[in-house]
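What follows is one structure encoded as structure tokens, with my remarks underneath.
Labels run A, B, C, D and E following the written order; every chain starts at residue 1.
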Amino acid sequence: MIHSALSITVALSLSTATILSLMALPLAGWIVFSGGRASAVGEAILTLTLVLPPAVLGYLLLVAFSPESPPGALMARLLGHPLPFSFAGLLLASLIYSLPFAVGPVAQSFRQVPKGTLEMARILGAGPLTVFRKVVVPLSLPGIATGWILGFAHTVGEFGVVMMVGGNIPGETRTLSLKAYDDLLSADGQGGWEAILPLLLFSFGALLALNLVRRREASHAPDPTRG
Amino acid sequence: MIHSALSITVALSLSTATILSLMALPLAGWIVFSGGRASAVGEAILTLTLVLPPAVLGYLLLVAFSPESPPGALMARLLGHPLPFSFAGLLLASLIYSLPFAVGPVAQSFRQVPKGTLEMARILGAGPLTVFRKVVVPLSLPGIATGWILGFAHTVGEFGVVMMVGGNIPGETRTLSLKAYDDLLSADGQGGWEAILPLLLFSFGALLALNLVRRREASHAPDPTRG
Amino acid sequence: MRPIPLEADLLLSRERGLPSGGRVRLRLEKESGIVGICGPSGSGKSTLIRVLAGLPPRGTGVIRVDGVAWLDSDRGVDLSLSQRPVSCLPQGAVLFPHMNVRENLLFAHSLSEKQGKGRGSLARFSLSEALRRWTGTRTSPLPDRLRTLVERFGIGDLLGKGPGALSGGQTMKVALARAFLKDARLYLLDEPLTGIDPEGRTRLTREVAALLRERCAMALWVTHTPGELSPVADGMVALSLDQGSMDRTLGEDRPPAGFDVPFGRKVAEWRR
Amino acid sequence: MRPIPLEADLLLSRERGLPSGGRVRLRLEKESGIVGICGPSGSGKSTLIRVLAGLPPRGTGVIRVDGVAWLDSDRGVDLSLSQRPVSCLPQGAVLFPHMNVRENLLFAHSLSEKQGKGRGSLARFSLSEALRRWTGTRTSPLPDRLRTLVERFGIGDLLGKGPGALSGGQTMKVALARAFLKDARLYLLDEPLTGIDPEGRTRLTREVAALLRERCAMALWVTHTPGELSPVADGMVALSLDQGSMDRTLGEDRPPAGFDVPFGRKVAEWRR
Amino acid sequence: PRPALAGKAPLHVAAAADLMPVLPHLSRAFTKKSGIPVKISWGSTGEEALAIRHRAPYDLFLAADSVHPAGLAKAGYLEKKSLKPYAKGILVLWVSKKVLVAGKALPNTALLSRPEIKKFALANPRLAPYGRAALSCLRSKGLWSKLRKKAVYGNSLAQVAQYLRTGTSQAGFLSESQAMALAKSRVKGDFVALSPACHPYLTQDMGVVSRSKRKKEANAFEDFLMSPDAQGYLKEHGYH
């Protein structure tokens, strides 16, 4: 199947942002509520994928995903094809690359849930998991939304990792951002707009819609001054 | 003057993160408190630099900063040299590129300041600016810290924009991430670690320190259940 | 003829901002005095306080203080919070969670000073404040005005504590003191003594009444123990619930059953 | 011989978790009853409630309910909140801000059902709950137990409202009802009727007492209007402040001045 | 304009990344000989051409093709008369050892159809001349339509080499110099030259940047690269 660069980008960025938002919940929960020093270290490690130049990270992932490495071989057996140069590989790489952007805002939101609210749920008999599911997560929706947006936007614009791991295969792993780069450089700086414009429009639309929804939902932040 | 790639990276990422954190305050304030639809659009526009492939963004900035464009010419006159291919240009490009990462978490924090607290300050006679300075900002320190971290880490790892706008000039605009990429790609493929390791160590140290400080500072989130 | 210090004729509403609720009229004819407000839960006491302060929701009708219209819906007059010389202790008052008690009070104090001096002194003020912070706010002596208040409200021992380390009653006392750091013509107190022990209630009732007399100011005071307020109140307004519904009709001639209300016609007036 | 339903001998402390505060002893010899707690602001009433509930700060000493040790510092026994059959209404109780009143109550109800059935029924429960949500929690009929409570506490009109749209007293009533959705041996009520009108206070005092009798449960009840509690209380414990300092010495023989305390030796005991 | 440090200020060379295996040695030799220090900015030819259009402070441009320098010279960004070819690249096909051993064969383009080769890599034909060369070579043999499904693209030859090094692709089109470097770094495989049989040599041009203030030094470096010593060194390392 051949897909347009736009549809690949849409599929990749939507699924990355969504999966990441789900993964961010337990991860941020651990970072915020476990309380140990271990989780401070964990948080720093998480943020590290951020400081690696994308191309370097892409290379490291390539090494890890290669069918010649044990994990890569395992994945290749499971998937029926090697990870690199496939959409699955692209997705996995994007997940790793954008993880800190989704986790950071969620962790921050978790931190701002008032302790009294958590305590009240415990008093009523809720176990830690129920407190998390029914109180912490619903009260952190704004942070989860921020994380989703950052994860989404970051994946749309990703270049280095996607180029390395995906192999820029038209119709399979060639995203809009790779196409825009190609067009830009091959036309010696004159082209590129045909790829950039849909990228901009699509992203602008998605982000604007989300912002408006988020505003309408209003904040559930507890309001200590009673009206 | 010739500087090491490490010192260029440190200078660039620290100043970018710090300037961004300061810029994020009024910007996030506008987005959150102005309340109009305009600010939802503004927020979406802000996030847009995120979805552009870095190289494309870098190219756009190159065009904008060029001494042949009016703003570029103005800056060139002010600085005494053209913006592109200089540290100042690099800094400006990083600021633009990393802006959404610093603003997002700050805006989210602003949103979570309880309305009653803001109202109380207004009642006591504080003007909007005082409320912002004395109540909103201090209560949003965790979000400002998250924004700083994301801005910092993102700048350290930046590649495409830095390459385009800076020109990879050793001792001037060649950051650790460019050096790591060059070393990695250079023929023998074994290199790169001499550049990546200090990058990792420096970033890990900075992030860990910040996380620990942030935890000790604890959260000022209001606690409705009185002890 | 001097203007009437306080008169209001309001239509309060709560649901979705539509006028559907009750009508309340009140009037204080003394320069300085206390009007008590009582009524069952949900009868609109806090809403009344907020409308008088200029906080949302907006009410419709007329509020006139010393002859100045704060609100006159027919003429389109509606002064904002900052234009009304009021101080307000909303129900469930909040201390600023990032400041300890001393800082909470100093913040309110500095705001009232700034207000007194006007905008021109902004620069000078900030400098002195910055200096004060450098030399350590925590240990520098309190301004006289503040120290007096702290003593009168009996919160001297709490100055170094953070809001999270206060008991419920202690929090209330600090918030009350903070509200009185602002100089106002009209103090709006929404259950200011809730959660304070009987001895404290008696003492603070007396203190607040004295403060109001000294400052020649008025207060609207919401209470659920009208008997305790009556010694100092110049009158009492009783709001009531409509039969069976939670909408307030604030226009009954008699206080609702269950209240023992000293209904003073002398200075505060309540009628349909 | 049946074990004593409730006895506690505690050393409370607040500053930095170090035992430095006051000693409190209490004892209830009836199967079901109410022990009132009163005392000035900062005397440690809320702290006592929290220690009994197993919330921080931890106290030292002994708590024994029906002969079972909840706390025995000498033997290293300290049951956690979830191991103690208590329900608690902390001071300044919070409703969950993301749920309306109905959802707040249903959440507490479902938790107490889950507790009753034990862990095994978790899967079944979640499914039925999911179904209930699909069919629309907002309109489905309330479980009987919940409906009865809603009626007794007079909060039927509030079910559809969000916590932000409640008055102070309405919030308190909902939180109180919610606390009684949990079946407990000991109910810990920290100023449960604060902010409620006199009529409501009288009515709710009677309701709560009746509920406790029906469930054969005990309550510790913090109040600043001990006179109103005395008709139903089996005894009253008065905490006091040390002279001049804010540290609590909870061991006075007489109630502090200003309280009119019915000091029942029959079931609740208070001595040095 | 920075203060003139005429003696000390280095000659600033913008070089295509495929010169990484050879240029550092050559520039050191040049500095030793002439006393002129050299600093190198690496990048892809396209990116650097773009930078030169936007007044990057480079003195000399060493491209990986002849198209970009010609375009720049035509637009006046490079000195026309300084434009000259300094090397000719050789297109090679690299095949990993595993495939060769299994098929007991020498590397050749026909091998690409074998099932052991899951993916083969070439540089992006739109950006890199070696990618274009590989494409036209496969087309001329009628293999492209059959093989295009196996193709993955790198943005540069260096990236193609990464794919081979990590074993994620089993064959790839490189320049001979990259292939020699790859072999030296103990990646197991063998390569065969496709130039000039399947595709002509690839000319790499250089030119002096018009805005340069150090044209004399830049010309000296050009002359040095054209000298028999330097040319000999290039030949040893995979250039024709």
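Here is the rule we go by: a residue touches a chain if its C-beta (ideal position, glycine included) is under 8 Å from a C-beta of that chain, and two chains touch if they have at least 3 such contacts.
Everything numeric in this text was worked out from a predicted model, so none of it was measured.
**Q** Counting one step per pair of touching chains, how far is subunit B from subunit A at the shortest?
**A** Minimum step count, subunit A to subunit B: 1.
**Q** Can you pull out the chain pair that has more C-beta pairs in contact than any other?
**A** Looking at every pair of chains, the most contacts join A-B.
**Q** Round to the nearest whole Å and give the separation of the Cα centres of subunit B and subunit E.
**A** Centre-to-centre distance between subunit B and subunit E: 36 Å.
**Q** Averaging over Cα atoms per chain, report the distance between subunit B and subunit D in Å.
**A** 49
**Q** How many angstrom lie between the CA centroids of subunit A and subunit D, rounded to a whole number?
**A** 44
**Q** Taking each chain's centre as the mean position of its Cα atoms, how many Å separate subunit C from subunit E?
**A** Once rounded, the distance between the two centres reads 79 Å.
**Q** Going by the touch rule set out above, which residues of subunit D reach two or more other chains?
**A** 14, 46, 90-94, 165, 167-168
**Q** Name the residues of subunit A that each touch 2 or more other chains.
**A** Residues 59, 114, 116-117, 119-120, 185, 189, 221-227 of subunit A each touch two or more of the other chains.
**Q** Going by the contact rule already set, what residues in subunit E reach two or more other chains?
**A** In subunit E, residues 47, 50, 159, 162 touch at least two other chains, as defined above.
**Q** Quick one: which bits of subunit A touch subunit B in the complex? Just the residue numbers, please.
**A** 37, 40-41, 43-45, 47-48, 50-57, 59, 100-101, 104-105, 107-109, 111-117, 119-120, 142-143, 146, 149-150, 153-154, 156-160, 177-178, 180-181, 184-185, 189, 192, 196, 199-200, 203-204, 207-208, 211-212, 215, 219, 221-226
**Q** Please give the residue numbers of subunit A that touch subunit D in the complex, ascending.
**A** Subunit A residues touching subunit D: 114, 116-117, 119-127, 130, 134-135, 138-139, 220-223, 226-227.
**Q** Residues of subunit B touching subunit E in their complex?
**A** 55, 59, 62-63, 66-67, 81-82, 84-85, 163-164, 167-171, 174, 182, 185-190
**Q** Where on subunit C does subunit D make contact in their complex?
**A** Counting only subunit C, the residues touching subunit D are 14, 38-42, 45-46, 91-92, 157-158, 165, 167-170, 173, 191, 194-202, 224-225, 245-246, 256-259.
**Q** Which of the residues in subunit E come into contact with subunit B in the complex?
**A** Spelled out, the residues of subunit E in touch with subunit B are 1-2, 12, 14, 17, 20-21, 39-43, 47, 50-51, 54-58, 156, 158-159, 161-162, 165, 178, 181-182, 184-185, 187.
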